[in-house]
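Each structure below is given as C-alpha cells.
In the two assemblies presented below, chain A is common to both, partnered first by chain B and then by chain C.
So, the complex of A and B:
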C-alpha cells in the first residue's frame, strides 16, 4: 500500500471504528436492560459480536495490533456468549463495558497520535479471567442436530451461530417452521424486511436462505426458518405475502428441552414463561445496505457551506445592482427581470443551504448513550444506586456541537453523582427513594436545542458555596445571592479544587471549563437548585454553528457581526436617554433598567465620530438576561459562516469567532453571553 | 476486456482496501456490495469473473450467499473466494463445501490477496 492509500485507509478506519464502538455501546445498554428484565434478545449479542469481529479484522489489516488483540480476545468472549457457552452475568457486563472503554481509548489514541499505544493489560486479563472460569458456569451444547429433520441443503448453510440458535429453540420446546417466499428481484429487500419484522413478533427468525434455482428470471426465493411457541394458524394470520408457503419442520425430542428454572445462572435464556429467549421483543433485524450511506469529512461540508455563503453575498450584490438599475427608467424592464431571477436564485440557495445543514445534523442520542455508560460506571464506583433516564434522543444538532457537548455533559453528570445524589442509606433516612435519579432531556425550542440535566439529589447549598468562595479569596463579601450568582461562583476558575477531588468527579476540571465550552458553542447554561430536592442545569445551544443569520454593525470604522438569535431588538434613542447609575451606563426600557456596554470601550477602539445626540443600541440576550450594546451604526443582516479563530483571539473575552466578508477580510463575531456576563457582573458587584 | 470482480463486505474500510489492492493489479473493474442483500440485487443483472465475500454480515451471511451464487445458472462455475478469520474455521469449511473455490484469512497483506486472486483466476481459466 502506498503511504497515501495507507493514510486514507486509517482515516476511513477511524470513522468506521467509531461507528462500530458507538453501536457496541448502544447494544451493551440494551443488553444490560435485557439481562435485568430477563429477556435478552440473542440478536443483540450477535450484533456486538459482529462489531468486535469487524474491528479485529480491520485493525489487524492496518497494523494496530493492540486494538486487534483486544478485539480478538473480546470476540472470543462474545462468541462464547452467543453460542451459549458462557452465561451473561453482571460480571460479564462489567467486563464488556470495560473493554469498550479501552477500545475507545485505543481508537482515540490512533486519532490523536497515529499509534495505539494504550495500556490494554487489565482489560485483557479481565476477559481471560472470565473465559478461564467459564467451565463451571455452563456446559456446551454438545449434541449435534441429529434429531432434527431438515433438508440437508438448509443444514449445511447454517453458520455455527445459527446452528446454535436452532438448537436453543429446540431446547426451549419451540416449534420450527419453514417459510418459503418467492419475491420480485427489485423489491425483495423491503418485502423480506417486512416479513422478518412480522415474524419476529411471534418468534425468532433463525436463518434466511436465498436461492435462484427453479425460480422465474426476475425473482428470488427465500427459505426462512423460524422458531416460535405459536402454531400454524397464528403464523398464517400475520404472513400477508401471497407466494408464501408454510411448512412445519418436525423434529424428534432426542434433544431434551431444558427448563429454564433448572439453570438460574443463565438469565440470558430465561424468556418469559419458558419461551425462547427474546420472543418478547420483535426482531426488526438490520437489513440495511451500508453503501447507501456516504461518510463525509465535516471539513468538506464546511467548504461547501463557505461556497454557499460566498454565493449568498454575490446574490446580495446582484440585488443591489438590480435596484440601482431600476432607478434608470430605460433599464426598468431588465432590472425587474434581474430581480425575479435573483429571487429564484435566492430560493435555490436557501434550499442548498438547508440541505447541507441537514447533512451535518445527527441525533443527540449518540452522546446520551455515552453518558449512560458513564453513569453506570460511576454508580458502581461510588456505591450509589442511580436510575438514569433520557428523553428527546432524536433531537438533532450539528455534529460539531454534539461532539463538543460530550465533555461538559460528562462533567455535570459526574458532579451530580459525586456531590448531588446522596448515598443510599442517607436517602433512606431522608425518606427519598433509595435509587437516585439522573435525567437527560433534550428538546428543540425555536432555533435552539435545550439539554436539561437534572438530579434528585441534595441540591447545592448556596450559603456553603458562598462561604467557600470567600474563604478562597475568590470574592468579597456581599449579599445578593440568586441562582445566577451561584452559577457564576461555581464557574469561577479555581473554584473546584483539589480538596474535593474524588474517585468520581476526579480530574479537577471545574465548572469554569464547562461554562467556557458551552460559551464557545454559542450556548448558555442556567441552573435551578433546591436544597434537599435536587439540581437542574439547562443548556441552551444553537442548532448549528455552521451558518447563522447575523446583524452587522459598525463601531469605530470596524464592522462586527452579532448572531441574530441573540438579538431581540435594535433601538435608536436620544443621547440623553442614556444615564449613568453607579458609574455604569443604563437606559430605561419599558419600565426596566437595561445595562449598556460600549463596544468601542470593550475592545479599546479609537473614539468614534458618531454624533452624541443619538445612541444606536442592540438589545441582546439569551433567556432572561439582556444587555444593550452601543454601536455607531446598524448596517445589514447577513448569513455568516463562522470560522475557527486562532489561539490569540480565543483569549479575548467577547469574541466568539470570525467570519469572512465579501472582500475576503476577517470580521469578528461577538460572543453575546460573555458580554452579558461582563455587564451584569459589573452591576451586581457594584 | 476488464476482469469484473464483486466484493461483498459490510465494512466500508475493508471494501475499499480490497478494491484498491485489486485495482492496482491492472485492468480490473471492481463492484462493491455493502451487504448480502445488495449482492443479491446486483448479481442477476450482471456478469462477474470473480466474487469475493465476507462471512459475517448482518442481513444474509456469506455462506447463504455462496449457496445462492452456486444455485444461480450464471454463476455455477464462477471463481468464488471467501474472506474469513482464523477463528471461523468451521464456517470456512462449510463455505468450501458449498462451493467456494478458496479462502483468504484476515488480516492479510495486500500482496497475499493479489497472489491469491491471480492464482484463483489462473486455476479456473477455461
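So, the complex of A and C:
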C-alpha cells in the first residue's frame, strides 16, 4: 500500500471506528437500562458483539493490534453473555464501559498521532478477570430442553446460542411456536426476510431451519421457532403467507438439565461461520444497508452549499434582467420566456438546496448518547445517584451545530452533577428521591431547535452568586438582581461557584466558554432556577448555519443583513413613540417595554439622514430576549449564505459575517444575539 | 516570464532607496554559486512615495479598486470587505497600518489579493510597479535605517547587485492585533469580559 493509500485507509478506518464505538456506546446504555428493568433484549448484545467483531477485523487489517486485541477480548466476553454463560451484572457493565473508554482513547490516539500506543492492560485484565470467574457467576438455571416437544433432529442442529435463547424463552414463560413455510425458490430470500421481520415484532425468532422433507418442485421449506408472549391468533394475523403451518410447541417447565453442559463450547471467533440461516440473514441484511451509505467530508458539503448560494444570487440577477427587459415593449416576449425559465430554475435550486441541507442534518441523539456516558461516569465518580433521561433524540440539526454543542452540553451537565444534584444523604434528608434526575430534551420551535438541560438539584442561589462575584472583584455592588443577571454573572470569565476545584467540573472551563460557543452558533442560552427545586438551561439554536433568509436594511447609507430567523417583526412608529427611560431608549409594544438600540450609534456610523419623525424598528430576538434595532430603512428579503470575514476579523462583536447580495456587493450580517446582549447589558450597568 | 525592461524599470525605481543605505558588503556567497542559485520573484508597488515588494507566489490576483464595505468597530487600518466572485475578502490599508502619510487614491490604485493561510486578504496599494527577480541568497534582515513601527512589517531586504528592495511581511501587515476594534461603548464600565 502506498503512503497515500495508507493515509486514506486510516482516515476511513477512523470514521468507521468512531461510528462503531458510537453505536456500541448507545447499545451499552440500552443494555444497562435493560439490565435494571430485568428485560435484556438479546439483540442489543448481538449488536455490540457485531460492533466489536467489525472493529477487530478493521483494526487488524491496518495493523492497530492493540485495538484488535482489546476488541477480540471484548468479543469473547460478549460471546459468553450472548450464550448466557455469563450473567449480566453491574460489574460486567462497568467492564464493558471501561473497555469502550479504552477503545475510544485508542481511536483518538490513532487520530492524533497515527499509532495506538495507549495502555490497554487494565481493561484486558479486567475482562480476563470476569471471564475466568464466569463459572461462579453463571446463572444456575436448569436447562429444560429435554421437556420440549421438538424433534431430536431439530434439537441436535441448534447452535449453542439458539439453545440458550430457547431456554431463556422457556425460563421467561414465553409460548413457543413452530412456523413451517413453503416458499418459492426464486423469491424465498425476500419472503423469508419479510416473515422474520414480521415475527420479530411479536417475539423472538429463535432459529430458522431449512427443511429437507418432501417439498413440491422449485420450493423450499423452512421451520422457524418463535418465542412470544402472544397467542396463536395474533401470530396468524401477521403471517400473510398462505403456505404457513403453525404449531405450538409444548414444554414442561420442570425438567433436568440436558446436554447443554456437555457440549464443548465453540471458540468465539467461529461464531460468524457457525451461525445458521436465520442469523446469517439478518447479518447480511445489515451489511447491505451499510454499503448504501456514503461518508462525506462536511467541507465538501460546504463547498456545494456555497455553489448553490452563488447560483441563487445569479438567479436573482436573472430575475432583475428579465424585469428590465420587460420594460422594453419589443423585448416583452423573450422577457416572459426568461421569467418562466428563471422560475423553473428557482424551483430546482430550492430542491437542490433542501437536498443538501437535508444531508447535513443529523439527529441530536448522537450527542445525547455521549452525554449519557458522561453522566454514568461522573455519577460513579461523585457517588451521586443519577437518573438520566432524554427526549427528542430524533430532532435534527446541522452536523456542524451538533458537533459544537457537545462541549457546552457536557459542561452544563458536569455542573449539574457537581453543583446541582445533592449527595444521596442530603436528598434523603430533604425528602427528595435519593436518585437525582438530569433530563436532556430537544424539540423544534419554529426555525429553531431548543435543547433543555434540567436537573432536580439544589438550584442556584442568586444571592450567593452575587456575593461571590463581588468578593472576587468581578463586579461593583448593585441593587437590582434578576435571573437574567444571574446568568450573566455565571458567565463571567473566572467565575466558579465551587470553592475548591473538583475533578468533575473544575477543568478550567467556565460558563463563559459555554456561552461563547453557543453565541458562535447563533444561539442563545437562558436559565431558570429555583432554590431547592433545580435548574433548567434552555439553549436555542438555529437549525442550520448554511443558508438563510435575511432582512436587508439600510442605516447611514450602509446596507446590512439581519438573519430572518432572529427577526420577529418590523415596525415603523412615530418618532415620539420612542421614549427615554434611565438614559435608554425604549418603546411600549403590546404592553411590554422593548429596549431599543440605534445601529448608527453602536456602530458609530455617520449620522443618518433619516427624518426624526419616524423610526424604523426591527424587532429581533431569540427565545424570551427581544430588542428593537433602529435602522433608517427596510429594503427587502434575500436568501443569503453567511461567510466568515476571515479569521483576522472574526472577533468583532455584533457582526456574524458577510454575504454577497444580489448586487454583488459584500454586506455585513448582524450578530443579533451579541447585539441583544450588549443592549441588555447596557440596561443593567447604566 | 516578465519582460526584462519591466524589471529594469522596477529596479531603477527602487534605486533611490540606496542613497539612505549605509555601505555594506554583500555576502560572499552571492554571485559565487550562480549555477545552483535560487531566486525570489517579487512584485513591487507604491505606498505614497515609498516603494515596497511582496512575494509573487503569495499573490492570487490584482484588481482595480472595488467599492469596499466598511466594517464598523474594526481597526482603522481595515479599509473594508469586498466580494470577489463570492469570496468575502477583507482589505487592509498598509499605509494606515505602517503609519505612512495618507495620499489621494488615483486611478492607478489597486488591490493586491494575497494568500494568508487558507484565506484570502487584500492590501490597498497606490500603484503597481512591476515584477523583479532577486537571488534568494541576497535576502537580509532589515537594516537599521528602517526603524520603529515600520520594521516589524518588513520581512527583509533583498539585494541585487547594488540595489535594495524592501520586502513586506504579508502576515504582519494583515494581522489584527489584540481584540479587534473598540466595541465597548464609552459609557460602559470596563467589565472583566474584555480580554
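Operating definition for what follows: the second predicted complex is superposed on the first by the 440 of 686 C-alpha atoms of A that agree within 3 Å, B and C clash if a C-alpha of one lies under 4 Å from a C-alpha of the other, contacts with A are read in each partner's own complex, and residues count from 1 in each chain.
Convention: a residue touches a chain if its C-beta (ideal position, glycine included) is under 8 Å from a C-beta of that chain, and two chains touch if they have at least 3 such contacts.
Quick caveat, the model's predicted, so the values are computed rather than measured.
By the touch criterion stated above, A:442 is placed in contact with neither chain B nor chain C.
Within the superposed three-chain model, A:68 lies in touch with chain B and out of touch with chain C [touch as defined at top]. Of the two partner chains placed around the shared chain by superposition, chain C is the only one that A:657 touches, whereas chain B remains out of contact.
Look at A:356: by the touch rule set out above, it reaches neither chain B nor chain C.
Using the contact criterion defined above for the overlaid structures, shared-chain residue A:160 touches chain B, although it does not reach chain C. Within the superposed three-chain model, A:417 lies out of touch with both chain B and chain C [touch as defined at top]. Once chain A of one complex is fitted onto chain A of the other, the partner contacts of A:605 are limited to chain C, with no touch recorded for chain B. Listing the residues of chain A that touch chain B in their complex gives 1, 5, 9, 12-13, 16, 47, 50, 53-54, 56-58, 60-61, 68, 72, 75-76, 79, 153, 156-160, 162, 185-186, 188-189, 192, 207-213, 217-218, 220, 285-292, 295. Every residue of chain B that touches chain A in the complex is listed here, in rising order: 10-14, 16-17, 20-21, 32-38, 40-41, 44, 55-56, 58-61, 63-65, 67-68, 71-73, 85, 87-88, 90-91, 94, 97-98, 106-108, 110. Considering their complex, residues 306, 309-310, 313, 474-476, 492-494, 512, 558-559, 602-605, 643-649, 651-655, 657-660, 664-668, 678, 681-682, 685-686 of chain A touch chain C. Residues 67-74, 78, 80-83, 86-90, 116-117, 119, 121, 174-176, 179-181, 183, 185, 187-189, 191-193, 195 of chain C are the ones that touch chain A when the two sit in their complex.
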